[in-house]
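Here the chain labels run A, B, C and D in written order, and each chain numbers its own residues starting at 1.
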Amino acid sequence: MLGEAGILPGDEVQQILDGLQQVEKELAAGKFPFREDDEDIHLNIERRLTELIGPVGGKLHTGRSRNDQVATDVRLWCRNQIDALREGIHTVVTALLDAAERELAAETVLPFYTHLQRAQPVLLAHHLLAHVEALGRDFDRLHDAAQRVNECPLGAGAGAGAGYPVRPERSAELLGFSQACRNSLDAVAARDFAAEILADLSLLMVHLSRLSEEFILWSSQEFGFLTLDDAVTTGSSIMPQKRNPDGAELVRGKVGRVLGHLQGLLTTMKALPLAYNKDLQEDKQALFDAVDTTQLALRVSAAMIQSARFDRGRMRAAIENRAGYANATELADYLAAKGMPFREAHTAVRQLVDEARAADKRLEELGLARLQQAAPVIEADVLDALTTAAALRKRAAPMGTSPSRVRAALAAARERWSTPPDA
Amino acid sequence: MLGEAGILPGDEVQQILDGLQQVEKELAAGKFPFREDDEDIHLNIERRLTELIGPVGGKLHTGRSRNDQVATDVRLWCRNQIDALREGIHTVVTALLDAAERELAAETVLPFYTHLQRAQPVLLAHHLLAHVEALGRDFDRLHDAAQRVNECPLGAGAGAGAGYPVRPERSAELLGFSQACRNSLDAVAARDFAAEILADLSLLMVHLSRLSEEFILWSSQEFGFLTLDDAVTTGSSIMPQKRNPDGAELVRGKVGRVLGHLQGLLTTMKALPLAYNKDLQEDKQALFDAVDTTQLALRVSAAMIQSARFDRGRMRAAIENRAGYANATELADYLAAKGMPFREAHTAVRQLVDEARAADKRLEELGLARLQQAAPVIEADVLDALTTAAALRKRAAPMGTSPSRVRAALAAARERWSTPPDA
Amino acid sequence: MLGEAGILPGDEVQQILDGLQQVEKELAAGKFPFREDDEDIHLNIERRLTELIGPVGGKLHTGRSRNDQVATDVRLWCRNQIDALREGIHTVVTALLDAAERELAAETVLPFYTHLQRAQPVLLAHHLLAHVEALGRDFDRLHDAAQRVNECPLGAGAGAGAGYPVRPERSAELLGFSQACRNSLDAVAARDFAAEILADLSLLMVHLSRLSEEFILWSSQEFGFLTLDDAVTTGSSIMPQKRNPDGAELVRGKVGRVLGHLQGLLTTMKALPLAYNKDLQEDKQALFDAVDTTQLALRVSAAMIQSARFDRGRMRAAIENRAGYANATELADYLAAKGMPFREAHTAVRQLVDEARAADKRLEELGLARLQQAAPVIEADVLDALTTAAALRKRAAPMGTSPSRVRAALAAARERWSTPPDA
Amino acid sequence: MLGEAGILPGDEVQQILDGLQQVEKELAAGKFPFREDDEDIHLNIERRLTELIGPVGGKLHTGRSRNDQVATDVRLWCRNQIDALREGIHTVVTALLDAAERELAAETVLPFYTHLQRAQPVLLAHHLLAHVEALGRDFDRLHDAAQRVNECPLGAGAGAGAGYPVRPERSAELLGFSQACRNSLDAVAARDFAAEILADLSLLMVHLSRLSEEFILWSSQEFGFLTLDDAVTTGSSIMPQKRNPDGAELVRGKVGRVLGHLQGLLTTMKALPLAYNKDLQEDKQALFDAVDTTQLALRVSAAMIQSARFDRGRMRAAIENRAGYANATELADYLAAKGMPFREAHTAVRQLVDEARAADKRLEELGLARLQQAAPVIEADVLDALTTAAALRKRAAPMGTSPSRVRAALAAARERWSTPPDA
């Protein structure tokens, strides 16, 4: 750019470019002679360049300041990390889709829960696809954040703009940015792009923590829905029977850390006058650790999902055994369909559930006679209506959990996620 | 929708619609008979509807659950609030652009600051445009958030999907959503859209706090750059001389509150298993208060900017008086342009600044002879190079603070912000 | 104080006191004529006083400023709230101790969990006493906070100290403070006492959330350890079988809110120069809502514990049924006691657990012969060692879960909590 | 303890102790052969001990579990760090007291500020002592936290208590704890002591940030109250005149980080069921980094204060020059003392200030005649009343800023801080 703009003569530009290629080789080979007292990477490179090509190396810095360079570096780093994070999400989603496909084929059912109480039957595939939706929004948020990251601060100088006829748009283009920043003071003072990424990662971690919480619950002896692979569990040095879901706990435990970094950076940015203040250097520690932590959580999540063995029998039993009464809504709906006002139907079923619970029976096991006594509109077809299969089939509208609908939803998700994240 | 899908017969639909219009009138007139024991707005309306049109009113609820209704309500509310918030940002930006235009015409200059130390001269218009850039990204972030808000959960039922052949896309369309949600469990369990809004508002408040901090600094006796209007200042009951920048402090002080709501909701969402949990109702308190607080901050900010009287003389003096040495960089650049290596030039100027500071003089007041003694390359044209006008003119590349460049930047910003926010 | 210090003559003091008693009566009777444009409570009272007793009412304000008055008011409020919060904790603890006593008498056992995996048998009373310990520290923290709250800012004036020979220690004494503040600037600028209370409440809420999480888990169909009272559960408008643990979810959900207030106030206080800034008024909203929220959580927690019915059979079954193997550690300890190195014993038991799990048997059901084959040191007494009673008895050292030890711990806790909180 | 309790025979105890002394030497000499696959420090030591003394080394672990050991280690570490942090605070306070003493001797005055507007004259020593008060509460809070840290979890085993007749009180005594924990489940599940420390450090950092903010303001060209030492400032690679207050910005910028750790750990702890969960290991990263960060901030703060050179002339000028009118309150008080109702006096002075401001004069420079015209009660002694010395003298009540009072306050503070922190 400095050459094209006529700020430096062509031969000096060539010398600098040759020198920088040498520097790049040294860096790639791990042989670059870093010096602590050169303060940062820019001064190291400038010093080394000058050693290699003489005083003209000092012209590398023409029209630049540490303020705009640092802002540029952080944005370049963020851009690459966003790509990598989206790859990581893509891997988790693929694992979820693969699992959903397997479990759809196996017709695996389980109750979904509200308030951690059994609610109604759903296909496990439907449940897994719910997580795909949430991760899809995280994926999109990072895409949106990338648009704001992708502006190049070079040319802002220390804050007032470079004192040379630089061409910021050309610098931006050469570095793969979509455009240059528009205001020099903002270019060196802004860190909202960093906080936005931390907010996106916080939500992503929250979503992963919800999945992890379910895996922890499901792998307890009480639920027994899931056996986790040895790779994501550990034993106990004392208790020989233990298979602790360490991977899932790690993901859940680390949410706090990422949330903390978000809060920390927002607090740091609060009430800073323009333009650059040293406080802003805190962005790096927060970003580095938050990205590392989230990438770890994505890898662990993917491994957990890929290797999870679902206990299909236990899941089905949670619908159909003598607790939970996940088909109670079906009975109320049945009554309503036969013309009983829904509030009345609700009350009648509630009483039947209480009675069945006291007798340790399923609703069906109360017998047709007893059911009819409670609600004379009941006919023999009620027994079919109370089956898990009927409950699923009935939810065939869009969003719902019927097998055909879930099959279509899975296909649509496969289609949506078929392109690689950086395309 | 229920009529179109054949779930309810046409006459019942008509009765319900007529009844709802009556309810709407009562609500508009403030005459709707709310009852506390009806728990929420849905049950109040259903009860009132039934009073008005009889038992068919109960069919309003067909295919719906409180879980999907509540999620729908919150999203509708968020959508409207986002529009209003973007209007609020637009008003602040317009105030900034108007001020920039006035101050550009007056050629108001001030030093920009890094580390709260005077750095180099900039146009005040340039400084104000920096804030416009930051607010522009907040404006865009809310736009992006609106895309994710704008999906309709109706049809999710309690979580497994409605037990009727509902048409969620049609419900979405009728309510002005861009589409229906895709998965019923996700539809009732997701609150990331709410947290995303809180994150966007946190960043917006951080940006407003940076502006407020500057207004507080600038209206101190030490800076004296700014006189705030009586409407945004208050006196003291004890100290008769006080004009406290209460408006700016209010904005700055309330950042914490919005950040707290963000953190609170993220914490609440952490590790909740699917689908709905009562914890999620905490979204409302956080959203309501964060939106109110941010709207207040936007209104106060707009009022402050609109009525601010900048002390152009004091601002210029901060560049040109015997402190700060905001033209020291110009001298170093001058030397470099004359062929002195920049590091040497930097050292020479640093010594001259020390000497001038000790003698309580401006750099120019050291005299040409002394300057030339320090650096023989100096010629008489140095005195022009050290003027504020020259320093500004030199920064004519894109992003920079030269008058022509700022004029162009202002025009471009006017163009960008000419369309109303909801267009 | 103003009279005793000779600042106001005795007759004026008497007039003011008489007038204030009248004001107090009006306030108590809800008849005080508040005026919005009097800004705050102090100006309302002074205006009303002047209406009642004439211009001498204006002397109420002598030697005071809004800055020291506001700080005094907030501290008085905090002091009272701390007492009330400690009462609230005391009530929850009493409920826990009562439950522990009942369950100790019933010898209720359950596995404790690490990583949500069954670990070893404990007495339910022991488990409940663990929560008492945590709440005891919250109780103590609030006591410590009260020491710092309990300093009186009156006499600081606007910040430099009163311009009259006031006696701050006497004001402090009359208002029941333990002492006066020592520095006028600090007296009006400090809000760490408020943030400290919010930190204490955050930890208290975290502790209540851990208890609530257990109650939510335990009242799931999968655990089935607990039936919550109707007063703290709700049904579903759709699903007739539901008994949602709303109370516990409310407590858990509201942690975020209190944490948010803590974070908000800390953020607000960050980097404020001395002395008073308007930002500090944000302390009140945060304190008021955090205290209300925590008091609500304490009341709900107490109600939940008082009315909880534990399913002793389900709890014991979680130790003794064919899953969990909560006595595996006992077997390893048994082997170690017989001289087998612990690491070898651990390995042997792990294999036996795997075998038993595959065969859906308890360890004991593998038969003595099989056990002896795995570890020849085993003798017939192993079957006793594997009982729940033996496992409990063995943990008779201080801190442990043996019945005698828990009995002593409960008695000691009763003793410690016997004095009322404000004693 | 194991020997005293008769759990291990004396000769084995002796072997273990001898071996551990050898291990200690190896650790001290940096020659301990750590192995990554030994997972943690406990397993490393046990393995090495066994290499040194044979199989009896395995008995080191008798009656212990990783759960209680880890909790013990963290508490030991916290106890030591609290001592070190209190030392750090003590050093900062001493620097403040030394500076206060110097500036008291020099009778340095400055206006104190409310709302960043000049309020009234105070002694700089008085201002510095305000910071001492705040830090004193941080010092006390850490003392209180130490009481809760100082309980020993050893004997809790994995959570149910050790399966041996251990003596937890003796372990506590040997390790210098004030007592043993009282409940085994709580002993392994509690981390509130860690979060409490983070809350205390957050407040400490907030207090340091308030001091730093003042140092940043004061070292701006606009205030000019302070010259910071080269050791805590840096220059700019571009702008030769810059002396950036990097040290103060570092302290201010790092508040966010510590607040983030607090928030992170609280979030992590939320809703974890008892007893140990892997999530809790997140306490260490948070504690380590928060303590390191705070120690750094304390060191930087002490260095800043110790080397600060206050510009006494500029500070006095901020009271006495033609802006700010820091003696306006004195004039109002003077009028009130002469019998004019305070509200009238306040209004009269406000008008005089406006007039003086417009004429760019000090109040005194309006002339006695003009003053008397505004308020006939004024006599010639008003000119003395308007001096800075008179304003200070008048605030001689406790808490106030009169020289004699500040001298006494300084002496009292010296006395209070004379004992070393660990005494």
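Assume a residue touches a chain if its C-beta (ideal position, glycine included) is under 8 Å from a C-beta of that chain, and two chains touch if they have at least 3 such contacts.
Please read all numbers here as calculations on a predicted model, not as lab measurements.
Homomeric contact subunit B/subunit C is classed as same-residue, with over half of its interface positions used by both copies. The most distant chain from subunit D is A, comparing centres defined as mean Cα coordinates.
Inter-chain spacing, taken between the CA centroids of subunit A and subunit C, is 34 Å. Subunit B and subunit C have CA centres that are 37 Å apart.
Subunit D has its Cα centroid 26 Å from the Cα centroid of subunit C.
The residues of subunit A that reach two or more other chains are 113-116, 119-120, 157-158, 217, 236-239, 244, 246, 249, 252, 255-256, 259, 262-263, 266-267, 269-271, 277-278, 329, listed in rising order. Residues of subunit D that touch subunit B in their complex: 113-120, 216-217, 219-224, 235-246, 249, 263, 266-267, 270-271, 318, 323-326, 328-329, 331-332, 346-347, 349-350, 353.
Residues 55, 58, 61, 67, 112-116, 119-122, 126-127, 129-134, 137-138, 140-141, 144, 147-148, 155-169, 180-190, 192-193, 195-196, 199, 202-203, 206-207, 209-210, 212-214, 217, 252, 255-256, 259, 262-263, 266-267, 269-278, 329-330, 333, 341-343, 391, 394-402, 405, 409, 412 of subunit D are the ones that touch subunit C when the two sit in their complex.
Here subunit D touches subunit A in the complex through residues 43, 65-66, 157-158, 236-239, 244, 246, 249-250, 252-269, 277-282, 285-286, going by the rule given at the top.
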